[in-house]
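One chain, chain A, links the two complexes that follow: it is found with chain B in the first and with chain C in the second.
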Partner chain A sequence: MIISKIIREGYVYFNLHAEQTISSTFFDGDVGIRVSEIFSSALVRIEEDILLVEDISEKIIYLDFVRIDNAYKNLNTILMSLSKKCKIILLLNLKDVVYNQLQIELISGNRFNKRNSDDSGYEIFYFEKESIQYQYVYEEDIFQEEFKNLIQEFTEKNINEFHQSSSVYLPKYINVKKMISKRKNFFIFSLYQLSIKIQKFWLDNLNSDNEELPILICQNLNSAFISSILSSLLKLDVVILDHLGPVNTMYSSLNNKIEENKKYIIVSDVVCLGTEVKIAKNLITFLGGKVYGSVSVIRINTLEEKHLLEQEKKVKTISVFSITKENNQGIDFEIKTLLN
Partner chain B sequence: MKKVIIHISDLHVMSCYDEDGVRQSKFNSWLVTENQEGNDRYVNSFCDFVLEEHTPEKAYFFLIISGDLTDRAQDDEFTELERVLNLMLHRLEIKKENILIIPGDHDVNRDDAKEAARNLKDRDKKVYDYNIQKFQKFQNFYNSFFKDLKSFNAEDAITDILVIEDEKILYIGLNSNFHIGAKSNFGYIEKSKLETEFKLLEKDFTDYNKIVVFHHNFLPFYKEETQGQWDKSNLFDVKRIFELNNIKCYIYGNEHTPTSKNEYDIPNISIGSFSMKAPAPNFNLHTIISDKDKGELKILNNFFSVSKFNAVDEPDFGLWDISKKVGQIKSIKLKSPYEQNELHFEDLVPILVEECKVETEEAELIVIPLSYIPFDVKDQDHRSLLEIIKAKNLFHSGHFHWSETSRAHNWIDISKLLNHKEDLLNAKKFVVNIIDKNKLEFDFIIGLGIEGNMLATRASVIKNKDYTFLPYSYRYDDHSEYEKQLNFENEGEYKTILIITDVVHDGRTIRKLIHKERDGDKTRDFFVGVDKIIVISLFYTGQLPLDKTKHFDLLNKRVKDDNFDKENDHLEHRLQFHFVSHIKVDECPYNKDNYKSDCIIVREGLGCIHKFYTEKQEVISI
Partner chain C sequence: MNAQKNMSNIISILENRKTFTPFYFYTEFLPKVAKLYGKNLQSLIQFSLIEENDNEAVFGFYYIDPISIPLFLSLAEQLKKFHGEPINLLLSNNSSTNSVLSFLEKADFFHIIGNNINPIYARGKNIFNYDKRYLGDFINKTQRPEHKVRCYSLLDDHLNQKINELPVERKRDFLVEYFTYKVKEHFAVLLQLASKSKELTFEYIEILAELITNGVLHSSSDTYALMFANIEKTSFSISDNGIGLYDSLLVKETEDINFFYSKFELFKELQKGIDLKISDKIQNSLFSIFETLFYSLLKDRKGLFDLMCNVVLNCDGYFRLHNQNAQIIVSARMFEELRDLYLLRTEIMDTHKSFLFEQIDNLTFQKLLNQLSIKAKNKFIELAKTIINKHHKDVRYSSIRLYEVRFKGVHIEVEIPNHR
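On to the complex of A and B.
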């Protein structure tokens, strides 16, 4: 199973840290995203997978080493084997330590190899001595572009859906369940991206090692899938609040699941108007818990930046993809009421 | 008097002349033609030892020989074999009706098979198809040895049986040499032949505990081997027929490696060579232990082998002694006494009930899936789950409603069980363990309910199959239309579906999911062309039958019996059920019409009353 493969005309992109995370979380242990060394199993999976790509011999393969700090021995033989199957391999974000561990100095010397800004490694390294010049590919750019394609593919149109939690109509519905079902692998890559953000912006900033980790709050079927994967990747506990959205029905429970003074992260698939997040926040707060923040795969930014910042003060939010006024073209998401 | 089955194999009685007719002086076997004195000494030493272990006054002996009685299937080898066997029978007072003998590949005369092929020139036949000719010498021996008692038929798959009447034990001897001709050494039994002969046998031995004996090994026991010596394409079919016929143990020789192993709950016992010089000679004694009061029937499995101490008065072949290298199988359990859960969870002990007998309208062949491992109270994953439930106090009493027709007096709080990251991870691993242990293969995975969806994520990644999730059928009204969509069509590409969920009681929820017709919902259509639906549940809370072979079938509803709920239930026979843990949950004994008035918990509000669904209410327009 490969999660990070993004195919474009002329090239295929793979994120090695994402693939290693999958190997180290599901196949060879349960380390989660904290893994920083690339092992052969992830590369072997990629090698097997590229055989399924049409015209692979005509395509460039980008192997993104971002967040990879070490490489296991003898990986150069797999890279050699990979390079024979495609047009050329380009290694992105290759740290010097990793470069040395890969023992690929014999292949170095391509005049288009480019060092990164702090000279700690290569921004782009050509796995061939001679070639023409190729473009650098930014992880964030290619991921965002692919995710936008995904939203376009899985948006149900002309439905005029009555939003169950807010008094508005949604002419379009982003069908996240269908997205998970039909593009599970890439969706898990999106959850990997979400995990990286949660780790970087929140978990890495916890005051001390003794500070308790926040607990994920799952509140519907889509959120159950998302929370389960996030729990594996980030090593966080999960509380099931069954269930808040889209249809809001809470059932009596024997024991209070929310514990006093514990911190919670509300997990959603799409945050549109934020009603479900507010309901969850009120519930958690009422029961004595603290809301650490809200995470979602997709967030619809309906407010201007200054107002967004104001809202952030109430509940800080992380999402993988935000639909904004700037990128809504092509998605054309709308929120309507009878008044407009 | 004890009943003891002596099991020997791979005697390799060896002609003292080689293929050129030149007399040899060194042999790999202790039993060689034209060496009566030496052979008698060897057999007598064996008999002395057996009698020391079990004197005939205290034991009643049976004898099983699982092939390779000779080395090259020569007439002189068979003649000497018959002589030493008669000596053995005389010493141990074994009646010939208490003997089972089957041939091994060394009892096939390959020259005779090749000659028959050369002479008869039938292009449709392979060399190994000349069964009559290749077994002619073995047949002569067999018929001469047993005289009028029984005769050998080279075309039969089942060549011999040994009946132990009082305990209803049937040893079935099979000929696995149908592909032994000029070259092959692999076991093979034609599927249709085996099926037909088992059917015939079943008529006379329906309720017998059946054990099969054949020559070629299913499992690799010799250290340099990676697979058993059986034709791969035929192995699956033969094992399946064994499972269908409820065979309780496989015994074979061939590899000269005395050991034993459980494979998917079936004991495989490999008997070493009785008289080859290396590795050390070996035989087995199976002692029948029967306790009718406790309902227990088992066969103790003891290995004996020759050890050499180079003592002054020690024979050249050494001294017989009990062997410690027995492998996993200390006994073959044919009937187990009433099982007890060893864990001390008074409230959680599974209530084992007599198997529910359902009269079927038509006799239907219920096939136990290959490799199915039934639930076992000693299973480590089951125990781990019970430990969490106990530690977190997650087993509750009260009145719990999932619908008007689904009510119970107990409830397991699964969402709390999955709360802690380690517990959630372990629960996901338990699901994958079931898939791996049972070698389950499937085309599509469905996570059922919020908890089922969480539990299924690991399996969906590791097994990399198409995946979706659905709400429980009793919670359909709580979900938007998009949440209820399966999102996949099934044009025949998905034949086996795996459903992963947290708790299953009687399977009605699963059957409803598969069959319920709902507007705009194509779930029912998806399942129409499906051959098999495997359900893995973290917990099973229904009644657990004593007969473990019924576990896989627990969720099927094959007939509309008196308790059939016509409104909410459906007939289904494709379900194959696996569960990690079992905790019996008491159902509310009242029906939907009287539980509010008759169930004291509800009427008087005595216990916690929890509803996990929304009662339908009339909408009043204002």
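On to the complex of A and C.
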């Protein structure tokens, strides 16, 4: 399975760290996104996968080494074999340590190779001595672009339906279930991206090794799927609160699941107006737990930046894609009431 | 002490005030075991932790160097296979053995040798019968419990089936990746303590994973591994009880052999040019070590030879490789000879890379590599002659050790000083 492949006209992008994360799961590595080295298994999978890409011999392959700190020896043969199947390979974010371990100095020297700002490696490294210049591809930009395409593909009309927990009308509905089943691989890549954010902004900032890790809490089927993947990538425990929303329910067994003073991260697929997050937060707090924050794959930004920040003070939220006023064109997501 | 003592067939493991080191294992312990078998052993061999009884042992001092545990386990497993049943291990828990017993228990030694099936601990290999009542009431201050002995096998996680269909080099890559994760998990605490940087940690992980892979892949047997770290040095001990280097080369499929190497070419030259005046089995054990290192030096992939050079030249360490009846100790004492070979290795790797990156054509590549292969073979013959001459002059400071008693399999110890 390849999760990070993004095909554009003229090139294909792969994120090696994401692929190695998947490999490590296969090897029962129990490290999730904390994997920091690249082995042959990920590259071999890519080599097999590109054969399925139309006109691959005419395309550039971008191999992004971001977050890769070490490379297993003897990978240069696979890279060479890969390079013969496409137009050119461009290695992105290649640290000097990794460059040395790859033993590719004999093809170094392309005049368009570019060092990174702190001179610790290459921002872009051409796997050929001579070539024309190609553009650098930013991981975040290409991912956001692809995710927007994904939302557009899986947004459906939702006539006459009202949002049960927030008393508003949503003329459009993002079908996450369909998204998961039709584009599973890329959806897992999105969850990988979400994990990277959670690790960077939250888990890396926990005070010490002894500080207890938060527990993921899911509230419906989609969020259970998301939580199970996040749990495997981040090595966090999961608690399932079934059917917390959008329909209000009587909860009889919650106090068996929430433990006093433990930290919880509320996991959602889409956060629209945040009502379900608020319900979950109230329940967890009432039962003695602490809400560390909330994460979602998609978030609808309905407020201005300053008001969003104010709201963040109540529950910190991380999402992998936000629908904003700026990028809504093409998605055309709407929230309506009878008053407007 | 257990009541089952029958002195004629008992070998004591620990001697008072004599640390059980790999050196002790090869020079004293192994001959002791062999002698017992030479006497036409009437009943099943038994091991006792110490020689003395509880009263005699009160003022004794017993210590086991952790890196000798894989060697001992390897031997014990061979004996168990030979007899077809577990062997008795007679324990003793008194004030002087308490600490060593406690360490062995925390190192998972008793889980591995027994019949443990609790997945929290290492799975038992049923090597020894021992009385569990001797384990317990341990004092707290003892050797560090992180020094756990581990057992790896191709039967773990159905590895055999998973690599079955893969080409030879992919098999290796697969296992190295698999064992890298295992090493990280199993030796996490020690790796953190032993290394000062991310790169160094990766280096240690790579060394261990490579050696374990070599063990399970070539020996087709279980491989025991232990990592040891203290303030002065970091050591690894990897021991298998498989077919040894000679047979391992013998079964190598012909398609894995390249144009620049023919099987046993150095071995045959050494046989012709060097008379060690020792039995063939010892000589073959030694020459197989040279042959294996020579083959590794010629290959387009980094392997055992590079690992050895990395340990000795870059890390100021020791690399000891024991194969059946012979052992080679590679250290800074061989710096000059090794550096020459390493330079040659660099040249060989560069030639492989030049061909890989299409900077030379096939004909030039073959010509260059054949020349380098001859050069490397001559260097190895030179090295072997120098080492053997030194051995004849003074056995004590020799880089090789030759043993009458065969200890089946390949056993590697790596020591890296922490001051570097």
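Following the convention adopted for this analysis, the second predicted complex is superposed on the first by the 327 of 340 C-alpha atoms of A that agree within 3 Å, B and C clash if a C-alpha of one lies under 4 Å from a C-alpha of the other, contacts with A are read in each partner's own complex, and residues count from 1 in each chain.
The rule is simple: a contact is a pair of C-beta atoms (placed from the backbone, for glycine too) under 8 Å apart; a residue touches a chain by one contact, two chains touch by 3 or more.
Because the structure is a prediction, the values reported are computed rather than measured.
Trainee: Sharing chain A, do chain B and chain C clash or fit in the superposition?
Mentor: In the arrangement built by aligning on chain A, the partners chain C and chain B fit side by side.
Trainee: Quick one: classify A:1 as touching chain B (first), chain C (second), both or neither.
Mentor: first
Trainee: Is A:30 touching the first partner chain B, the second partner chain C, both, or neither of them?
Mentor: After superposing on A, A:30 lies in contact with both chain B and chain C.
Trainee: Applying the document's definition of touch, where does A:232 land relative to chain B and chain C: first, second, both, or neither?
Mentor: A:232 sits against chain B, while chain C stays out of touch.
Trainee: Look at A:338 in the shared chain and tell me whether it touches chain B only, chain C only, both, or neither; answer first, second, both or neither.
Mentor: It touches nothing on chain B or chain C.
Trainee: Looking at chain A, does chain B or chain C touch a larger number of its residues?
Mentor: B
Trainee: Please work out whether A:132 is in contact with chain B alone, chain C alone, both, or neither, and reply first, second, both or neither.
Mentor: In the superposition, A:132 touches no partner, neither chain B nor chain C.
Trainee: Kindly classify A:257 by the partners it touches after superposition: chain B alone (first), chain C alone (second), both, or neither?
Mentor: first
Trainee: Which partner does A:188 contact after superposing on A: first (chain B), second (chain C), both, neither?
Mentor: first
Trainee: Looking at A:177 after the superposition, I want to know if it touches chain B, chain C, both of them or none. Which is it: first, second, both, neither?
Mentor: first
Trainee: So, A:221: does it touch chain B (first), chain C (second), both, or neither?
Mentor: Only chain B is touched by A:221; chain C is not.
Trainee: Quick one: minimum Cα-Cα distance, chain B versus chain C, in the superposed arrangement, integer Å.
Mentor: 7
Trainee: Return the residues of chain A at which the contacts from chain B and from chain C coincide.
Mentor: Of chain A, residues 27, 30 contact chain B in one complex and chain C in the other.
Trainee: Please give the residue numbers of chain A that touch chain C in the complex, ascending.
Mentor: Within the complex, chain A touches chain C at residues 23-24, 27-31, 36-37, 39-41, 44, 69-70, 72-74, 76-77, 80, 97, 103-104, 106-107.
Trainee: Help me check something: in the complex, which residues belonging to chain B touch chain A?
Mentor: For this pair, the touching residues of chain B are 396, 398, 411, 413, 415-416, 418-421, 424-425, 428, 447, 450-451, 453-455, 457-458, 460-462, 464, 466-469, 471, 477-480, 482-483, 485, 487-488, 608, 610-614.
Trainee: Using the touch definition from the top, list the residues of chain A that touch chain B in their complex.
Mentor: 1, 22, 26-27, 30, 156, 164, 173, 175, 177-178, 180-182, 184, 188, 218, 220-222, 224-225, 227-229, 231-232, 235-240, 242-243, 246-247, 249, 251-255, 257
Trainee: For the complex, give me every residue of chain C touching chain A.
Mentor: Checking each residue of chain C against chain A gives 157, 169-170, 173-174, 176-178, 180-181, 184-185, 198-199, 202, 206, 300-302, 306, 349-350, 353-354, 356-357, 359.
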